[in-house]
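Chain IDs A, B, C and D follow the sequence of writing; residue 1 opens each chain.
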Amino acid sequence: MASLYIKNVTKDFGPVRAIDNLSLAIEGPELIALLGPSGCGKTTLLRMIAGFVEATSGRIRIGERDVTDVPPNLRNTGMIFQSYALFPHMTVAENVGFGLEMRKIAKDERMKRVREALSLVHLNGYEDRYPKQMSGGQRQRVAIARALVIRPDVFLLDEPLSNLDAVLRQSVGNEIRELQQRLGLTSVFVTHDQKEALMLADRLVVMKAGRIIQEGSGSDIYNHPNCRFVASFLGKSNFFEGHRQTGGSFTTAGGLTFRCPDSNLADGASALLSVRPESIRLGPEASKLDNTLEAKVAGITYLGSLTEVELGFPGSDNITVQLQNRPGAEFRADIGAAVLAGWTAGSAHLIADHGES
Amino acid sequence: MASLYIKNVTKDFGPVRAIDNLSLAIEGPELIALLGPSGCGKTTLLRMIAGFVEATSGRIRIGERDVTDVPPNLRNTGMIFQSYALFPHMTVAENVGFGLEMRKIAKDERMKRVREALSLVHLNGYEDRYPKQMSGGQRQRVAIARALVIRPDVFLLDEPLSNLDAVLRQSVGNEIRELQQRLGLTSVFVTHDQKEALMLADRLVVMKAGRIIQEGSGSDIYNHPNCRFVASFLGKSNFFEGHRQTGGSFTTAGGLTFRCPDSNLADGASALLSVRPESIRLGPEASKLDNTLEAKVAGITYLGSLTEVELGFPGSDNITVQLQNRPGAEFRADIGAAVLAGWTAGSAHLIADHGES
Amino acid sequence: MTKLIASSFVTAVLAFLVLPVIFIVWVAFFDSSFLTFPPPGYTFHWFAEAARNPVFLNGFVTSLIVVAIASTISVFSGAMAAIVLVRYQFPGREALNGLLLSPLIIPNIVLGIALYIFFIAIADTLSIDLIASNVGLIIAHTMLVLPWAVRLIGANLIGMDRSIEEAACNLGAKSGTVFFRVTLPLMRGGIVAAALFSFIVSFENLELSLLIVSPGHTTLPIAQMQYLEFNMDPTIAAVSTVQILVIAALLLITDRFVKLSRIV
Amino acid sequence: MTKLIASSFVTAVLAFLVLPVIFIVWVAFFDSSFLTFPPPGYTFHWFAEAARNPVFLNGFVTSLIVVAIASTISVFSGAMAAIVLVRYQFPGREALNGLLLSPLIIPNIVLGIALYIFFIAIADTLSIDLIASNVGLIIAHTMLVLPWAVRLIGANLIGMDRSIEEAACNLGAKSGTVFFRVTLPLMRGGIVAAALFSFIVSFENLELSLLIVSPGHTTLPIAQMQYLEFNMDPTIAAVSTVQILVIAALLLITDRFVKLSRIV
């Protein structure tokens, strides 16, 4: 529906800076995920959009309207809470109709729209139940209907799947995504779970210590993380510390030289080479690749669909390789055996090294 | 250390049969994982070995000794509890020394063995701390030292990693595995987490409703599940319902015919064909494989190291394909596009169909 | 075997606790003006006798008036105090919480003495006699039960999921509407518990009233005491039986609204 | 603004609750045998006076003896009962838990009346006078505090992680060893709380004692009541001040062992 602009917003809780001069724009029907470890400020940011937390400085705009000083009940946002937050003393119909009642919608019209909203989440016929008579997944769907029935300008979701089990998480997640796309909702989704973010969001916003560290599509961020934190928060990775050399090569502190991908890092700059575990090939296959290494097998862990191989190198930390298992093509080797590992220049990624760990 | 024999053991709690005529043998220094959903009886079985639950019928033998009627304090098992179960009013040294004190070991010898046990778990110097002054990982390591210092005949672990975060789970898990191998302990590990079981155990015992459904190494069970329950509990799988035909082929209810792997099922038998998502190839690569199918792309989910592709077929449920992502080789297609899917006969697996769902 | 010993022990403890009640109910039906064991027969006579006795009747009415007013004041101001204590963070909040332990720290007898002297001082200096009316009693009983009300309502508020109120606000409700449509209904459990406790604690109290009642403003427990000074017949047992029944009924009714085991 | 009103309100509620205590402590230092406001001066005289008064001294001693014995019995049998209730499942366990609400259901005055009549009946039929000694008082106070002991120790036991005891057993400890080396030390919090509560509840109680004391076996609260019948000087305020101090000290000491806010 409407667009959302957050401009230079800062929030201090006493001496603690929860949000640090953060700007973010969402135009049109997009689902963005605020992703980060606990304490990164993602929930605070969501609550600032809803109006529950006042900004210390900066502006928030929804569509054409500057809502920075508008109280939460007049912002017309639809929020989904982690705990469902249904009104336990009201029936499902009363819960869903509450926002319409506050908007002084006549009873007939209200009932009609409540029924429509409930059919959106496949809960027709549940009008007269009380929340405590429903399962967790059903409760969260009532909460979704309650938030959407008011036709919010922005749809806000605060870890909506975290109280559900794995199966429900998938199905409620799909339902949220489907509704968001069908209704064209401008949506902000808070989560600490990278898989949830990758599955549901158009765009990921990775946060840390009140700032946005990186934003972009899932594959953008996964393939081109701009720092070690992002590379390890989204998936696993192997890091080599070293320097970029002239002519597109990279020398590690341990003296290894790799051909490396294009990068806008200056020649001679201190850098990290990040190689994803699934990008590394082992055995004869590896010999044809841009970079090859003689390594020793330090450990093999069979994980069903994957096998994780730990490799040891002279002068470097162990690296991890993930091989997809296919019957008849499983990796077998003794601990300590020599093995050739390799990857293409393009499958690695260079990160500027600011000494962060 | 000693071996463990469980023979035709049954346990009834009132009208509920928790363990149903179960037999299991562990000979020598092996770590077996009892794996199953909650309520499958795995914890009850572990507690029967420790002696906290009396068998309704059947015998339990540790080494040469029949312990069925031996009280728990005389069984000489070493148990690790989910909640750590340290004595909060005793120091680390007193905790670890408790079992030796019960065995009337003289103080000097006791102190020496406590120090040895603490050094096994890298906690030298923590002797005088109280449990509440330690982190979760340290507490669990104290519990391990406390159980091992008495040189137990059987080492019993009840979901020992479930209260730890992801990083600690890995490191404490590795420590347990390493100790078990170094000390040659006969060990039984209860878990509901298939990844934990695959990572740590020599042998997996999959349980359901008080019975052993299947036992074997991780790759045995993953590649040759004997029923649908095991195939979906350990990893994901795609199932086709149908019948085995003469000449090693399989016809689905929807009329598709596949070449299928060797199996001891009779010709004409009703069966499930299980194909793991990572065994299926897409595009030109697929055309060379034993089985190929024209399918339509129903969904693509990018998950970082993997891409999950949902495929639709006429006359069959959707199937899921897992592709490992490598930069430059990512799967791209529009929803609804036609795609060729294929797998080798040997990468699928036939399961006798008993109408279970 | 262990189980048998264990259960006999608990049964004994229980019997010890329940025996006096059974005993007094039994005595209430004795068909004899004296306490003769075993009684010559049984009768309902003493209940009628108790109902006819103006001392008990007046005591009961005075008790009800005092208890009802004190409980109402306590629940209202207790609810407000609890909201402020739980919802606002201001300096000294912790200390205040601690001071609400006062019913434990200050013996009723001390509270009674303090109020007695205080009321006399007021009568002396301001010529307002709080003891001659029910006002003094009501003040005393309010002091007795207010901390209970604050604590029970406060415990309920602490356990309340604040995001439910935020959801209402997010859906467009003003703060007043949020309070009356969401917060207050959710406080019901705590309020019912507070009202119940206030009523029972106040209704049962003798110590506090003892010093500050005046003739004609006697509460039921005091009437019972006074009766026993000069009489010794089953009437007093009948009154006690009725008293127990009233309280038990109250507890049973409340239990339908809030599970007692969760709040006591 | 709202915050200011809110905190003034809570301060008012608090002042209302604390005022009597401050008042009585203030009066205890008045240098005047009558209650004159403002007092002509301040003195410690009335504390010395109270200490010299044999009625208060004897009352204090009697209270201590009765309270100590009743609390000890209650904590011991309460601990045993709690273990049985929490650890064994036998029929009626739920009902038993409910009946431990008895201190709420049975007014102290009714318990007092029941015991009074019961003791008289025993004296009449068996010629054993329980009222003439402290035995009657001790029985009454045990009844008063035993349910508290069971509930506090029981709550502590319910919260205990049983796998700690299983770990001890697994390491070779016999059931007796497990109890004395593990269970009992882990019960400490509940036992301390039970002892404290028993002590305070019993020490403060007047209602129950009122009917069943005999001359020479007067408890402190009764001594205070009796003193007020004939006297009206700051001595009684001094005694009350000491009483409050004793209880407050007891609470502070206990708070070092178990956090009161968690158990009350």
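We take it that a residue touches a chain if its C-beta (ideal position, glycine included) is under 8 Å from a C-beta of that chain, and two chains touch if they have at least 3 such contacts.
In this text, all values refer to a predicted model and were calculated from it rather than measured experimentally.
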item: Required minimum of steps from subunit A to subunit D, each step between chains that touch; value: 2
item: Subunit A and subunit C, separation of their C-alpha mean positions in angstrom; value: 55
item: Approximate Å spacing (C-alpha centroids) for the pair subunit A, subunit B; value: 29
item: Chain contact topology (line, ring, star, complete or other); value: ring
item: Which chain pairs touch, all of them; value: A-B, A-C, B-D, C-D
item: Subunit C - residues contacting subunit D, complex; value: 3, 6-7, 9-10, 13-14, 16-18, 20-21, 23-24, 27, 35, 37, 77, 80-81, 84-85, 88, 90, 96-102, 104-111, 113-118, 120-121, 124-125, 143, 146-147, 150, 200, 203-204, 206-207, 210-211, 221, 224-225, 228, 232, 236-237, 240, 243-244, 247-248, 251, 260-261, 264
item: Interface residues, subunit C side, partner subunit A - complex; value: 161, 163-164, 166-174, 177, 181-182, 185-186
item: Subunit B - residues contacting subunit D, complex; value: 50, 52, 72-79, 81-83, 85-89, 98-99, 102-103, 143, 146-147, 150
item: Residues of subunit B that touch subunit A when the two form their complex; value: 194-195, 198-199, 218-219, 222-223, 234-236, 276-279, 301-306, 322, 324-328, 330, 344, 346-347
